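See the structures that follow.
Heads up, the next two complexes both have chain A, just with different partners, chain B and then chain C.
Entry: the complex of A and B
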């Protein structure tokens, strides 16, 4: 009851208010119907931002899955010997975004360390490098967190299953495919959902790296929302947010149904 | 157990909800608890004086009347004396000492009396019998009104020679005697400046002491402080210095047997005590021994202050933050008058003197518009301590016109407190984006300020979204009486109304050679003129970067078309800039301006296009090379944004030198003047481009959600009133016609307005006679010519530019030019690149 009250007060009601605002003018409250939604979908900046956000999500989440799971399996197999690796992978989570960006600038600036080593004059914050840099930033930041979640799931798998499989002659890959992965299904859903949410937080790094108007490849939905708020295009902002919320709910719903069916 | 947990959880929820509800409630204050009592401001009249007269020497007489001296600033330098009992009417008096003084005083400085009727007058002139050199002198006034010379400084400066100007106008340091070769330069620390005055013209011989405060003590002694020599107590009969006080102090007063001095800047050391600025020094008046110091940083004294001692020994200080008092021997300041609730906070009003009088009354004398104004403050116990209503005005940066308007508004609405909020109040540690976000949050919540100063705010969005109220009723009444320039009422208007008005305007102007000014009306004709006059240098600085900096503002409106960058227009601008630059043999005429040493001082070019609320950087010439080049006939033209009548001085001085330099005017005030011949004033400058483009400044609007729209509109009227607009604050010309007429008819004496610029000695291409630019107040025909141009304005600069595009264009234009200069792109490619950079912002 308490958590429902809190969720309703701080999440549900504001969401409903935002949806409501998408049907009215920013000031004056005049009803405009679906005009804002039509404008949002027709807006080229929104199209670019949505495409970039979707591309980012579709690239990052599978990549994060594979890399973090691989690392988790390796750490799991190494047991106590990998404590330092585990700790090291968790450090990026503790570093503030602004501090991280300061280091990134040292590395990727025109006269930065990387260009100094390679001897090139690459603009890492412009196409075609801006997107990979942002993806790398996201992976670096979230690897450790996902690793912990995978490890929690791995430690929860009864050892007897592996022993039984080994007796039956299953090799490592077969044990991975038929025991480990199915046992991690609950974690897959959780990690997928959390990774999806965390992928939107990368706006901080994109803003700090590229400013208000970064390279087109890393121009995300939050940039657009920030500018719409500054110009009081609240109806457009809320309409875009409602569209995104629906897309996210749909994605999580599909994920849930898919994983349940697979079970 | 579970039930208990549920109960506790429910109570926590309820408490949270109640707390949230309580946060939004406004506490009701019972009527009985409203604090009562505050000082009421009353503006006094001033004596009616003619042009070329000025007021000074305000003092309180032993009979309780206030008196002030008026003097002509031209031959025969006559002095008049006025008194008033209550500030409603002034009477001219002719005390016995006045006629004697009129015969000898070239420049009146100050006058003071003690309670016994003994007084002194400080003046620049000869002795009372007409003999002796013209020096700063102090004469003593007896109780019967007779006047006699004092012995103080009768042979010169009481502290030996401080500084003096020789008969040829050269200024000498204190330790160098005047030699036969009057133009000899030295390298003394006190600035030696070789005068540019021709030898054959007569120059009056004056020896300024630069006295600050000259007070008549109850002990019959004279308390004299100077700007450079020192501060001390003198015996008027023997001329002997009997006590010495702090030299570096800014102000001096006597209170309770102590000499009280105010140090406003720097630091001072005395008797082992070292203190920094914003401190008071208390010394024994009789001996000069330091008693104590009182640091007073919280009073923000560094922006100018006046001090006075009360009969009870208390010390009063008046500055922009208000009027405060410290008790005798005390160390805690008590604010008795808040600057925000009186004229102390008005930018043009500089507190000059304080006169406590009567029962809990004060007269404050302000120095403003080169004269004095008087405001009397009377304590009213029946008036609430705070006004019963508050009007909030938001401006991103401190705005002098708005602060000035508060004074005008308060005269009509004394019971309304105007609260000026700036970006610091909205988002203390944030940048402009944070401030705008915080402000928009307030607006969306139905709150926000009552009045906006729309500089650096998304003005077009606010108009489109209905954030701003329609000001048509305010504007209509002003247009009916032809009180305001019509163009400014159309700047931010659409079919639904008028939503914002620039309260000030800056003019982009072109100055220089008569033929060139006639021929050049826009960018195309500028390039055509340059090509057809290959032997004539166009500007002093012909680097592409400088040309873009100068020429871009006038073309910005054409760079954006139908919501997209007009690539052809951008290409044309960039190509024209490059073509113009190539017409000059050398990028700099005076090579020093191209050296690293000079460039490191100006640290690159800063584009700041004023869209209201603050003065644009375009008003501050980043490069004086153009001025010197035109003045010395080395180049034909220069561009300048004029931001008020005072800003005309410099361009006027440039043209004056170009046409022959300063001339001696014996018919006026008998001094050097820098007038441009009357038949030339309309030929030596023009608006550029000639399309009527202007730069809006201090754009104001009313919040449509304001709960007191009538008061907010009344404030707008105050901003546009002649009382606000007739003061030149350096943030633009007035838009009020009466204020424009006053400005065009304004007079400042050459003596007070004379100034000069000096170029560096580090450039061999800079001959000695070209290194100095002198200027003074322009002639009335020149000012009127500028005023006439105000009537020609039509279109505001950057009209229709969304805020992000303003910044993006500023940033990208120089970068696009750099691509051409570095050979990376053609003009067309650079223009296309710029369009690409701005496309996303435009598509939003």
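Entry: the complex of A and C
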């Protein structure tokens, strides 16, 4: 109960408060209805940041999904020999963003190692590379975590099911398609939700690499909110926050319903 | 044969993952003299191998950079109470969520999951105003208190507890154990992987936190180590890398130490929906 009260106090209440604030002027608290929302949607910076954030989420999460699932299947097939892989892939998550920035600079700077190898003078923190670099950072960080989640599902499949299929003459691909993948369905919701949580955390890397005004391609909602916070555009900030919260609730709801109907 | 190919491929995949860590170590062993050579050349050498490995950058950070220590200590003062609080407050809640059947339990669990998804910025303004009213802005409590009530920790522990078989609890109940006793003697030991992985991940979260301290802590004297950003010049590159290595050390050690439980805890999180 303490926990629920605390969570309510520090997260739920601020959320509702933010929604309330989005209907009033920042100073003086005059009721303005949906004006802040109209202003937010018309705002060029918001359109850019929202598009980037959406693009990032829509690229990263499916990518991470597929790559980590493939890896998990490989680790599962390699059985015990792959223990080291699990540890190795989990390590990036333990390295704080502040530490990684030094390495990222060394690798991707104008006179960095990668440019040193390729001999080109690519600016990795500007278009068109800034976005893939950020996506790569996200994958690098979260691969191990998702791998473990998939593996948990794989190990949970009764071996008898595979054996029965093999006796029935199913080949490896058929076993994957008709036994492995359907059995993993319960994992999907959790993995999607956790991937989404972590996708918002790339702001740290984006911020540490690009500062307050990074390349247009990686200008995320969080950058915009920081600016509005600094300039005290509280009503805009709250309206945009409410929009995101609604989008997230909707996404989770849709995911829940589709997965439930599928099972 | 087939497994051999797979093992090799998996080994190859580990390379880009481990490489940055290696660079971190190598960079912190490269002296200022050599950095000047590296950075002066138009292009950094493809492989950063110090010709004269030195511990000078580490020594410089450890001996001559008091603000590094100060920030390191600030991080400890934020991360440890926050994690302790997460467990103390979150574990009973997680236990109740996973074990007790009460009206609206499903709704509460969904609420935790949804709140877990919200990025910090969504609640930033209202959180700030509330902490301000409590006169906590510009104290470490502004970062610790909201951190204690992390829905993610509760989520992780709930999943950890959910795996405990109902028969065991029934047996304890028949033996006359009360609700609290069951929680402490059956729930906690068996749900330990979940609790420990919540602790490790909670520590990591608070150790690398950037937005919260930046927003809630005005005086740089209170800033944690995650806001330590060295400038990248020949003089400071070595110490910068040394600092980066030292910042990564506590979470890395914790990860390796608690790796087994962490893996089981994360796995448990994926098991039940």
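Simple rule for what comes next: the second predicted complex is superposed on the first by the 257 of 263 C-alpha atoms of A that agree within 3 Å, B and C clash if a C-alpha of one lies under 4 Å from a C-alpha of the other, contacts with A are read in each partner's own complex, and residues count from 1 in each chain.
Keep this in mind: a residue touches a chain if its C-beta (ideal position, glycine included) is under 8 Å from a C-beta of that chain, and two chains touch if they have at least 3 such contacts.
Fair warning: this is a prediction, and the values are worked out from it, not measured in the lab.
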{"item": "Chain B versus chain C as contact partner of A:54, first or second or both or neither", "value": "neither"}
{"item": "Which of chain B and chain C A:191 touches, first, second, both or neither", "value": "second"}
{"item": "Chain B versus chain C as contact partner of A:229, first or second or both or neither", "value": "both"}
{"item": "Partner chain(s) touched by A:44 [first = chain B, second = chain C, both, neither]", "value": "first"}
{"item": "Which of chain B and chain C A:241 touches, first, second, both or neither", "value": "second"}
{"item": "Comparing the two partners chain B and chain C, which touches a greater set of residues in chain A", "value": "C"}
{"item": "Partner chain in contact with A:213 - chain B first, chain C second, else both or neither", "value": "first"}
{"item": "Which of chain B and chain C A:250 touches, first, second, both or neither", "value": "neither"}
{"item": "Chain B versus chain C as contact partner of A:221, first or second or both or neither", "value": "second"}
{"item": "On chain A, positions contacted by chain B and by chain C", "value": "1-2, 226, 229, 234"}
{"item": "Contacting residues of chain A [partner chain B, same complex]", "value": "1-2, 5, 25-28, 43-45, 48, 212-213, 216, 219, 224, 226-234"}
{"item": "In the complex, chain C residues that touch chain A", "value": "2-3, 6-7, 9-11, 13-14, 16-18, 20-21, 23-24, 27, 39, 41-48, 89-90, 92-94, 96, 108, 111-119, 121-127, 129-130, 145-146, 148-149, 151-152, 154, 204, 207-208, 210-211, 215, 225-230, 232, 240-241, 244-245, 247-248, 251-252, 254-256, 259, 262-263, 266-273"}
{"item": "Residue numbers on chain A that touch chain C, as the complex places them", "value": "1-4, 6-7, 9-15, 17-18, 21, 71, 74-75, 77-79, 81-82, 84-107, 109, 111-113, 115-117, 119, 140, 143-145, 148-153, 155-156, 186-187, 189-191, 193-194, 196-197, 200, 203-204, 207-208, 221-222, 225-226, 229, 234, 237-238, 241, 244-245, 248-249, 252, 259"}
{"item": "Contact set on chain B toward chain A in their complex", "value": "6, 9-10, 12-13, 433, 436-437, 440, 443-444, 458, 461-462, 465-467, 704-705, 802-804, 808, 837, 840-841, 843-844"}
